[in-house]
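For clarity, chains are labelled A, B, C and D in written order, and residue numbers in each chain start from 1.
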Amino acid sequence: MSKPILATDALSKQFGALTATHDVSIDLNPGEIHAIIGPNGAGKSTLIKQICGEIHPDSGRVLLDDRDVSALPPHVRARAGLGRTFQISDLCMEDTVLENAILGCLAIEGASWRFWGAAQKSKTLRSRAEGALDRVGLANFRDTQCSSLSHGQRRQLEVAVALTLSPRAFVMDEPMAGLGAEGSRNLTALLDGLRVEAPILLVEHDMDAVFALADRISVMVYGAVIATGSADDIRQSADVREAYLGEEV
Amino acid sequence: MKKLLLAASAASLLATSAFAEVKVGMITTLSGGGAGLGLDVRDGFLLAIEQSGRDDIEVVIEDDQRKPDIAVQLSDKMIQSERVDVMTGIIWSNLAMAVVPAAVNQNVFYLSPNAGPSALAGKGCHQNYFNVAWQNDNLHEAAGAYANDAGHKKSFILAPNYPAGTDALTGYKRFFDGDLAGEIYTQLGQTDYAAELAQIRASDADSVFFFLPGGMGISFLKQYADSGIDLPVVGPAFSFDQGILQAVGDAALGVVNTSQWNKDIDNPTNKAFVDSFKAEYGRLPSLYASQGFDTANLLLSALEKADPSDANAFREALRAAEFDSTRGDFAFGPNHHPVQTIYAREVIKEGDVFTNKIIGTALEAHSDAYAAECKM
Amino acid sequence: MSSILIVEQILNGLQFGVMLFLMAAGLTLIFGVMGLINLAHGSLYMVGAFAAAAVAGATGSFFLGLVAALASAALAGAIIEIVVIRRLYDAPHLDQVLATFALILIFSEGTRWFFGSFPLFLNIPQALSGPVTLPGGIEYPLYRLSLIVIGVAIAGGLWLFIERTRIGIQIRAGENDREMIAVLGVDISKLYTLVFALGAALAGLAGALVGAIQSVQVGMGEPVLILAFVVIVIGGIGSIRGAFIGALLVGLTDTLGGVFLPEFLGLFMEPGAAQKSGSAIASMGIYILMGLVLIWRPTGLFGARA
Amino acid sequence: MRVTERYINGVVLTGLLVLPIWALAMDEPFTITLATRAVVLALAAVGLNLALGLGGMVSLGHAAFFGLGGYTMGILAYHAQTYSTLNLGLFSTDGTTSMPLIWLSAMVISALVAFFIGMLSLRTTGVYFIMITLAFGQMFFYFAISWAQYGGEDGLSIYVRNGFPGLNTLVPIQFFGICFTLLCIVLFLFARLQASPFGLALNATRQTRSRVQAVGLNPTRIRLLAFVLSGAITGLAGALFADLNRFVSPTMFSWQLSGELIVLIVIGGVGRLMGPVIGACVFVALEHFLGALTDYWHVYLGVVLLCIVLFGRGGLIGLLTGKEGAHV
């Protein structure tokens, strides 16, 4: 087995009496989609936030390409190669689609301290941004103001912005949230193709999508990972059945 | 009253009035916190102009909002746009410092109805600048002199931490022969004096001198009266003026303050002024009103003799100061600041109204400490 | 420096702090429940003082003056809430700052229009005037002592009101989740008007109480307003407890700094200069305090962690 | 009729240039002074607009930089006029009356102070940011009041306007020309910056901080730089304002002035290139004409402001173009 690109090592986080994550160790290998599922409140979003650096764990480490990034702030982790999407679309609503995509290119092109010359006229920025928009199918909307996009298009744009970073790994927090059946199908197809570029850590409630996409699935309950395995393993796991269905073994 | 105001505001709108031969620009504080003083100066000034019966004097009135930058802007307007011959009206020293030096250097005459900063009395004096009120230190110096007469030996003195406050304490100390039990600079705009009162109580002072203009003085006196400290208090007239005495109330009764004017000064001009002011505006005139009235009369007296376009003759006419002042004798010293008598007054109650009564003379024919520095 | 003087100065600091609390409590409540920055809170303080002065002047009763202050400030608060503030709850902070800045202009000049440019008279009631002797031989004005007692009593009452009454529970719920209490059938707009009027009444009461020992004049609310903001920022915006602690801290820092800093500098410098620089630094004291607190805890002492 | 923003910008700048020239022809020098005042206030507000309109930093303490610029001018000119030496420990100077040097000093000093204030304030957000900037402004205000050496609350008068090579700055139209040129330069730079990659990033920090982090940018550093630039521009305006009045005083530090700068921006339109310019013109005009009509003009100003906030989202430009302004 090749070395994992992203890994967590015994991440734990308490909020008062509430255990958000307990001793979570998961990894993400090249070329795979690793899905994390679990009931609401299981700590999936908290886990993502710890991986991306928005919340500091009480103990444990986050490793990216074998490098300990636990002490780094979110933007440095993003530069190091974490491409993140948000559960609730987090975009610059007053800006156009293209501007949102260009924003994603600034760090990697080292352009954020350029004060001269219009961002939109920079060839390097523009070609990278348009490439990503093409990829998710938003090329025709690039001059549309983000606030006039449909919900599904915003989800696509989230993915496009993450793509512009050329990340080592994607970390996606419920990308299908709020999408209809057709939207989910389109996005599933898009993600399916993305894993070639970088592996995806996918938190998702849409089980059709998860079982269609995931190479591996981890199940989180009450902040702890109770099972990890292929789709079939998880279907048959007694622990998972108990957690979801309350069946005694 | 209405008629007067109308005339004034109409004047300020109609920039060019065919028959006006003399144009006077008045920049004063008519809105915000210190508006009371400006209103009094304006009313006193306009009263004198009206009584003169001259219709060839146009007074352009503008509100400086007590902001120096606005005052400078208005001064530019008066000089550049209205092309006034004479300016007057400024209440506050800092505004005067911002406006006067530039104005008098542009060949405009300035007659100060209130502020008298030391810089304009000494090295910065100017032949076109006349102060009709006092040099800032005067009333404080008189307070120091009065404290000697009253037999005070040890004073506790306080003033706000800004230039006029420093001048006040310096002025008091210049004439006071006794020792100081304490010297405190309070914050400008401070409203609570509990801490200072505690220090006064803890000291071995036999008298208190304070200079706290406007609302600060009201707060101080009320709190002083309530603190149970019963040392005699001396201050300049500013905190005991007709306008604010009613807001201080009983707390001010018996306090001695120094002033170059009071409504009971016995001369016909003053009597006529007090009566006509009451008749016109329905309130007792204040110190500031008297200064506005005197300023206008000085101007009128000079206009009788010369036209402002003949600057030298007009200046001589002003310097002669041949007008009947509400305060009796009035003359200018070599630096164009008044040489005058300063009285000690006591706060009394007449019926329902708090007012002042003269109890003695603090300084006679008093000039100021800076006149020698003035090279005119 | 005698210990009597020190105790007296501490009492002064407490009295100042307690009055600041009355201002700050309303501000922080309004921010906590409605998320609104109200720059016009100082105007309500002024309204209270003017109403008290006018009514006490007409009737001769200080107590009636206080009632008038409470009523008129609450009424003014309710009116501006209904006419203006209500439209600003979901607006960005910038709009709130601006609209309430506009209200200051309207209130200040409006009051001057109505009452004239001269300060009004309001004196302390006969029964509370003069000093009393405290244990230890400290002479202290009875009225100021009463202010401390009234202030602490109101703080306690407010705490009981928020913690123990039905409306208090709704207010606390409103701080946590606006939509939820609307779903639970609470008339949210009435609740907001009520909270706003309550905050206004507290400010008006503070204005009347303080107006009796200070000067009742246009613009009196603005210096206090800024201090009250410093208080709630130190205490943590939205926290009544924070407002109380913050108010006492600010009151004590301001009073004691103004007295002891010049004394302290006097050990090294000549007295006149020590006086001047001491009071200069003391006047910046509370802002320095606020800066330090925010560097240490960016959301104030008792603020919700960001 | 809806018009484009570009068209409005052109009309406003042309109008602002033509008015003083007309006044010159009509021999109405005071109108030129008023126009200069509007231009200088606009410049100060353009500075604030960089922080507030683009970066979403609602600073209620920008008077600090305005005042610093003013005092830099006042102190340098004071020493030059009195032939005294200003000793700053490490180095000393005899002051200067050269405008370009004064501008440079004012901008450097304002930028340095903005850096320190920004370092501390940008740890906070929202209301806390508003309040902490207000507190810093107040600190400077009180300091200036008790700084007796430079006049304290009386302020500091310089009797002659500072010089600019080849021009007579005391002639109103020439001084107007200097201020107007500076405004145009700053507006041009502002427009370039707004469209630049940095401007895009800054604009994004206003809308969503977490998104900016997620794309690998440090929002605090971006905001800090914007705050520093903003302070420098407002400081420059302060120096010009002081020269316009030939006078500086602590009122330049007052929090009402910070409030007024925000008012200017909102009247014109938040985050718009010309928003502050339009706001300043309207404000100065209101001040002049309403002030002449009634002593109580502040009441009307308040009502006008309220209407803009409640009904006129996007300011005057928004009203004319039918587009909302930036949300802060």
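Simple rule for what comes next: contacts are C-beta pairs under 8 Å (C-beta built on N, C-alpha and C of every residue); 3 or more make two chains touch, one makes a residue touch a chain.
The model shown is predicted, which means the values in this text are computed figures rather than measured ones.
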Touch-network distance, chain B to chain C, counted in steps: 1
Mutual neighbours - chains that touch chain C and chain D alike: B
Per Cα centroids, the chain farthest from chain A: B
Cα-centroid distance, chain A relative to chain B, in whole angstrom: 74
Approximate Å spacing (C-alpha centroids) for the pair chain B, chain D: 36
Rounded Å distance, chain A centre to chain D centre (Cα mean): 43
Chain centre separation in whole Å, for chain C relative to chain A (CA means): 48
For chain B, residues that touch 2 or more chains besides their own: 31, 35, 161, 166, 187
Set of chain A residues in contact with two or more other chains: none
Contacts with 2+ other chains: residues of chain D: 142, 145-146, 148, 296-298, 327
Chains touching one another, given as label pairs in label order: A-D, B-C, B-D, C-D
Of chain C, residues touching chain B in the complex: 2, 4-5, 8-9, 12, 15-16, 108-109, 112, 117-121, 123-124, 129-131, 139, 141, 143-144, 210, 212-220, 223, 255, 258-259, 262, 271-272, 275-276, 279-280, 282-283
In the complex with chain D, residue positions of chain A that touch it: 52, 54, 73-76, 78-79, 84, 86, 90-95, 99, 102-104, 106-108, 111-120, 122, 125, 161-162, 164-165
Sites on chain C touched by chain D in the complex: 31, 37, 84, 87-88, 91-95, 97-99, 101-106, 108-110, 112-113, 226, 229-230, 233, 237, 276-277, 279-280, 283-284, 287-288, 290-291, 294-295, 298-300, 306
For the chain B and chain C complex, residues of the former touching the latter: 31-33, 35-36, 39, 161, 166, 183-187, 189, 191-192, 194-195, 198-199, 201-202, 214-216, 218-219, 222-223, 226-228, 243-244, 246-251
Residue ranges of chain D touching chain C (in the complex, touch as defined): 52, 58, 60, 120, 123-128, 130-132, 134-136, 138-139, 142-143, 145-148, 255, 259, 262-263, 266, 270, 296-299, 301-303, 305-306, 308-310, 327-328
